[in-house]
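Below are structures written as structure tokens.
You will see two complexes here that share chain A, one where it goes with chain B and one where it goes with chain C.
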Partner chain A sequence: MPSTAFHAPDTVEDAVALLSADPTARPLGGGTDLIVQMRSGRLSPGAVVDLKRIEGMSGVRRDDEGFVIGAATPCTALKADAALVAAWPGVVEAANLIGSVQVRNRATMAGNLCNASPAADSVPALVAAGAVCVVAGPSGLREVPVEAVPVAPGKTSLASGEFVAEIRLPAKPAGGGDAYLRSTPRTEMDIAVVGAGVSLVLDGEGTCTSARIALGAVGPTVVLVEEAGAALVGTKLDDDALAAMSKAVQAASNPIDDKRGTVSYRKAMAGVLARRAVLIAASRAGAKA
Partner chain B sequence: MNAPETMKQFRPKGFRHVGTRPVRPDGVDKVTGKALYSPDFKAPGMLWGAILRSPHPHARIISIDTKKAEALVGVKAVATGRDLPTLESLVMHVGEGASDIVDVSHNCLALDKVLYEGHAVVAVAATSPEIAREALGLITVEYEELPFVLGVEEALAEGAPVLHDNVFTKGVEPKPEKPSNAAMRVEMGGGDVEGALASAAATVTERYTLEPVHQGYIEPHACVASWNGDGQAQIWTSSQGHFAVRSLTASVLAMPQSDIRVTPLEIGGGFGGKTTIYLEPVAMVLSRKSGRPVRLAMTREEVFRATGPAPGAVIDVRIGADAEGTLVAAEVEFLYHSGAYTANDAGAGVSSAIGHYRIANTRVVGTEVLCNRPAAKAYRAPGAPQVNFAVESAIDELAGKLGIDPLELRLKNAAAEGDPQTSGLPWGRIGWVECLEAARAHPHWSAPLGPNQGRGIAGGYWGNYGGPSTVNVSVAEDGTITVATGSPDIGGSRASMAIMAAEVLDVPYEQVRSVVADTASIGVSMVTGGSRTTFATGMATVQAAEDVKSILCQRAARMWGVSDDQVEWRSGAVVCLEGEKQGQSMTAAAIAGRSFHSGGPIAAVAALSAKGWLPGFGVHICDTEVDPETGHVKIVRYTAIQDVGTAIHPDYVEGQMQGGAAQGIGWALNEAYIYGKNGKLDNAGFLDYRMPVASDLPMIDTVMVEVPNPAHPYGVKGVGEVPIVPPLAAVANAIHGAIGQRLRDLPMVPDRVYAALHPEG
Partner chain C sequence: MSKIHVSTTVNGDATEYLCEPTSSLLDVLRDTMGLTGSKEGCGSGDCGACTVVLDGEMVCSCLVLAAEAEGRTVATIEGVAEGSVLHPVQQKFLEHAALQCGFCTPGFIVAAKALLDRNPNPTETEVRYWLAGNLCRCTGYDKIVRAVLDAAAELRQERTPA
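On to the complex of A and B.
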């Protein structure tokens, strides 16, 4: 019978060593994907390496550049950090759409990202926010933009022995606002048919000076739609700008037909959700937190 | 024995317990997690079973090689269909529907053919679940794949793969020459439909479709079986009827029923789906082979792949009215998914279609269609919600054409006591008109609607049932009362039985405890299904409690030395009416305390087949809000109105109404099986089989209309199934109200609604 070793190291170095020793080893965050996949027989790793005992791996810190979120921080803990909620409400909301309260008490954004599902809810919001991962591995630490982590459904760019140690978000820019919306048939406990994350900055006049728009579930990985952001920059988010943005979003969407939605519906929803998310982000930017 | 004539009369009076809302006797165990459900049960020395299931929707089994599995250390038994006895065809009626015992057997373990993906083929028992699963991987089954068919129309088409070569459409005379997938045909009605439709002022001719849906009980099927060398066996399982488990298992194994003792465990939802067996004969065979108790439990995935959905349907409706809105003719023709074996929903579908309206000319035809899906099984009002969705949608469409308010059109044509049903038999004391009037008077019906909102109304009914129940009411030495029934409690019936016994005996509710007894400890009782338990088992409870009351009176009279008619039961005690002891009273405790020396233990059994049941009617009002840009449908307000006879325990009646509405809303909006082109189910789990979650629903308001059943001592009518009937059309009609377009295919998922709103794409 196949067996799985369980390790709970105290240091990043030990975790890297354990992960390097067995190419089938998997890091464990909340386990809300990993354990489910192991139970169903989809995955049978030789070892599971729990990251939660490692110092600094759980919790949100601030540094000069912004926020540092430990990889093992459960989604509900993000809501408890008032400064993070004020700066990146869209990211916190996205992470807190995952599953149910019980799931979110365990689930992490790093796990959401490294599970590499195209429909992962926190990922488009992180990408829109310009988040960066700090990856630990056999050759030390390196920084990777969030959008460069997933490479295909279920696959990441992380090398053997590597894991995400931190997710870093910049400080909130002046006049900045973000939002994430998803479409699911049910209100909860569902997987996004489409997700749209938006982060933008408005100047004192209400003119958009920068915008990042990222989509979930419309391609094999999260899609950062630069043309959509560009369609907003320099505008006051008038109807024409929003229509151009939606068009760019739809053009960049390349979804599949599956049990969760059709191609045409997904494309249409990408445009609708992106527009709605832009308006929420803009109202937050105007609110000047 | 039937209830005596006096017992059957409804006795309206000031009730002391009936209509109160005490805590259920099983409540604390359930909320503290102590309740023992099927998958919780363990026996000493128990083995763990696992089942290898067909990966193909339709295939012939060429060979099965289990040698490697048998050789695996820890494997104690392996069983295939060959280990079950060969049976003669015999249709068994155990509850909601009938099944041929040969089909039941082949569904437990396939013999020559597999008929759906997930069909059980081989079972193993081992010393751990891991070993059992590993053993499955060592089994080789060679299949010859056959063409398969999933849809009802496709299954009837010329050249479709025929599932069974011995099925010749039942209900067709003369018997067809060729076997086909049309398993059964039922027809009812009379008059001149064509003539009446031709002269109608307005008609609606439309087709409506529904997908099969699962009952969605949270507790998966599970059992432990232990079969000894002397032939005696025990089974521990949850079900809607442990007597049905006993009779079906004994018949599949060709053994005496009294050799099997089935102990009912707490049930975590059934909704009709647990009126049959899947695992018990298999666990029994594995137990006999291994000499140890064997546990079999399904995973959620197995529940979806291998247990009964309610049939989906294709339904054609033609209905017409004169200019004043009097319905003149209706024709309903439907095809129901029967799945792998002949199911039983068509008959109930036919009688549940249009009987709630007075229509002179009718024709209702239902056909059960075999296809390569799991065998359809009863689901709450089995056969009724599908056809009701079509008819109540069509009535709405007709109201639109006539320019008549949809509630008024229903009221104008509503059947009342004495009017004929579709079968021609007259309706009894039904409360359909009362429900419509309650709907009209309800503030919901006239409340203003917001933007993008629409309101729908629909009415429906279910026949309900009576039938056999056995109840034992016994008095403990301290005068407290135990009510033992053979009816599994799936909706609060233990509380209701205790209430009814306490009402008869006029003692505190807490002085009466109610349990569900095993098959060796109480007489035969039919399944808890057909909304029969509070009615039929309740009738037996009342009768047994009345008998106990008589015994207590006789004992007291004897002790006082007076005749039986010189005592009377008052306020929970016997009172002496004449003689020296006049005015003295004796409680149950005083009498029972001395019973060992004055006539023996005090108990009474009522074993009856309850007659006089009445159907239940419901009217549901639904408000939806549709997001015009996304097609999402939100249920913003919902009111369920129902004739409940007498609500014995109103909380549990309201709970049934809310639960039925919630399930119906799920059927209407999101629930569906999604099959791949390969005939395999693609959403065998709750993540993508989308039943509503709490946040998908508003508070479901309930209005209990009480039109008592004159044939039941407390006026009971069945309440559990009616509330899943109207929601499908109520939601569809509300969506029509919100978007001005008629959707006739369920489920009304966002992309479907979106496509209707944005035909350009």
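On to the complex of A and C.
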């Protein structure tokens, strides 16, 4: 890894300037993808810009609209925030399926998102939850829905000089619940064969008033399946509604065959996992069993 | 590219070193500081042989840049024993024969100690999940898990004298 510079700026503006000055420069959060890719030779950035010395980049805070998660917040730190766990257990659980404890003590959801793997565990959960990124760049700050960040395996919609500075989650809606499930051959240290994130809201009668369902590892990017959420809205999550939701999930799945799973297995499992995740989210939303 | 000067604390001692911008913390611990207890197994965060504790949290030192350690606190396997007195986790690894080739052992011991430091009474399941990021190709893990549970029991006794 020749001639890579290391910078640890203490302001967002300095980080943007450093990233803008060299299109090959990369922001460093936890490094669990970036450093692996540098060591393998897949990436040779001209500069590494460590975000962790910037105030506000590490940790979870509340504001009027919900939760603000600094880009450099490690996944294990999310579990320590009781309010976040209570509001978005599916997101926190998804982030804490990644790698090992060692990895999760460094790895961040912003990094998981910007690595742009279709199998990123935290991303379907964030998309389902309606999370928004605050992206810092040469023209200031802009907000981008999480689902608009990955555009292809390993590629994001971020422009040169831009980086994700925060992930924002709304406050928990009344009657809301979320969940994320993945299928892996092993329970730990594995990569999702299929992942399904669900967030839904039930009214006092148990009728679903909104639902978002996002899938991982069944296409080139994590995908929000609007038809699947729509199949649940207005129902009490009866068998017919769940079947229609699963069908919409399978129709939106466009996976590849690889060593982790076949196309037909992934499509079938996407429907199964989405159904199970809906039921968990519903029980968290207060549905009667 | 010029080297980076880093001031940090390793096993309680204030330390300074010069490193390349892309050197890992593991490279510096082993090659610059001579602390060769931490091992490089995979270099990609899969095996845990390089596990150290950074600001109180265990991490893979192969996936930390040495320059990131500026002002931080690092604890390695070399700081686990007190002089010639082994830590209970180390002692129990010996008693249970929880190692064969020994390459993974420093990482397992640092990780197991990190668990017992925060959870003095883990279940077997909790031990197995906590150690999922440490690979051992010799023991089949069972003896390691028994050693950790036994060390936990001993530490609980030490902490609550009769």
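General remarks:
Quick note on the criterion: the second predicted complex is superposed on the first by the 285 of 289 C-alpha atoms of A that agree within 3 Å, B and C clash if a C-alpha of one lies under 4 Å from a C-alpha of the other, contacts with A are read in each partner's own complex, and residues count from 1 in each chain.
The criterion applied here is as follows: a contact is a pair of C-beta atoms (placed from the backbone, for glycine too) under 8 Å apart; a residue touches a chain by one contact, two chains touch by 3 or more.
Since we're looking at a predicted model, the values are computed, not measured.
Of the two partner chains, chain C is the only one that A:103 touches; chain B does not reach it.
After overlaying the two complexes on the shared chain, residue contacts for A:189 are found with chain B and with chain C alike.
In the superposed three-chain model, the partner touching more residues of chain A is C, compared with the other of chain B and chain C. Judged by the touch definition given at the top, the superposed model places A:32 against chain C, while chain B stays out of reach. Shared-chain residue A:52: touches chain C; no touch with chain B.
Where the contact sets of chain A with chain B and with chain C meet, they give residues 1, 187-189. Residue ranges of chain C in contact with chain A, taken from their complex: 1, 4, 21-22, 24, 43-46, 48, 51, 54, 57-60, 62-65, 67-68, 70, 111, 129-130, 132-134. If you check the complex, the residues on chain B that touch chain A are 130-131, 134, 629-632, 669-670, 674, 682-683, 686-688, 690, 692-693, 695-696, 749-751, 754-755, 758, 761.
Within the complex formed with chain B, the chain A residues making contact are 1, 183, 185-191, 193, 259-262, 264-265, 268-269, 272. Residues of chain A that touch chain C in their complex: 1-6, 8, 28, 30-32, 35-36, 38-40, 48, 50, 52, 74, 76, 99-103, 105-106, 187-189.
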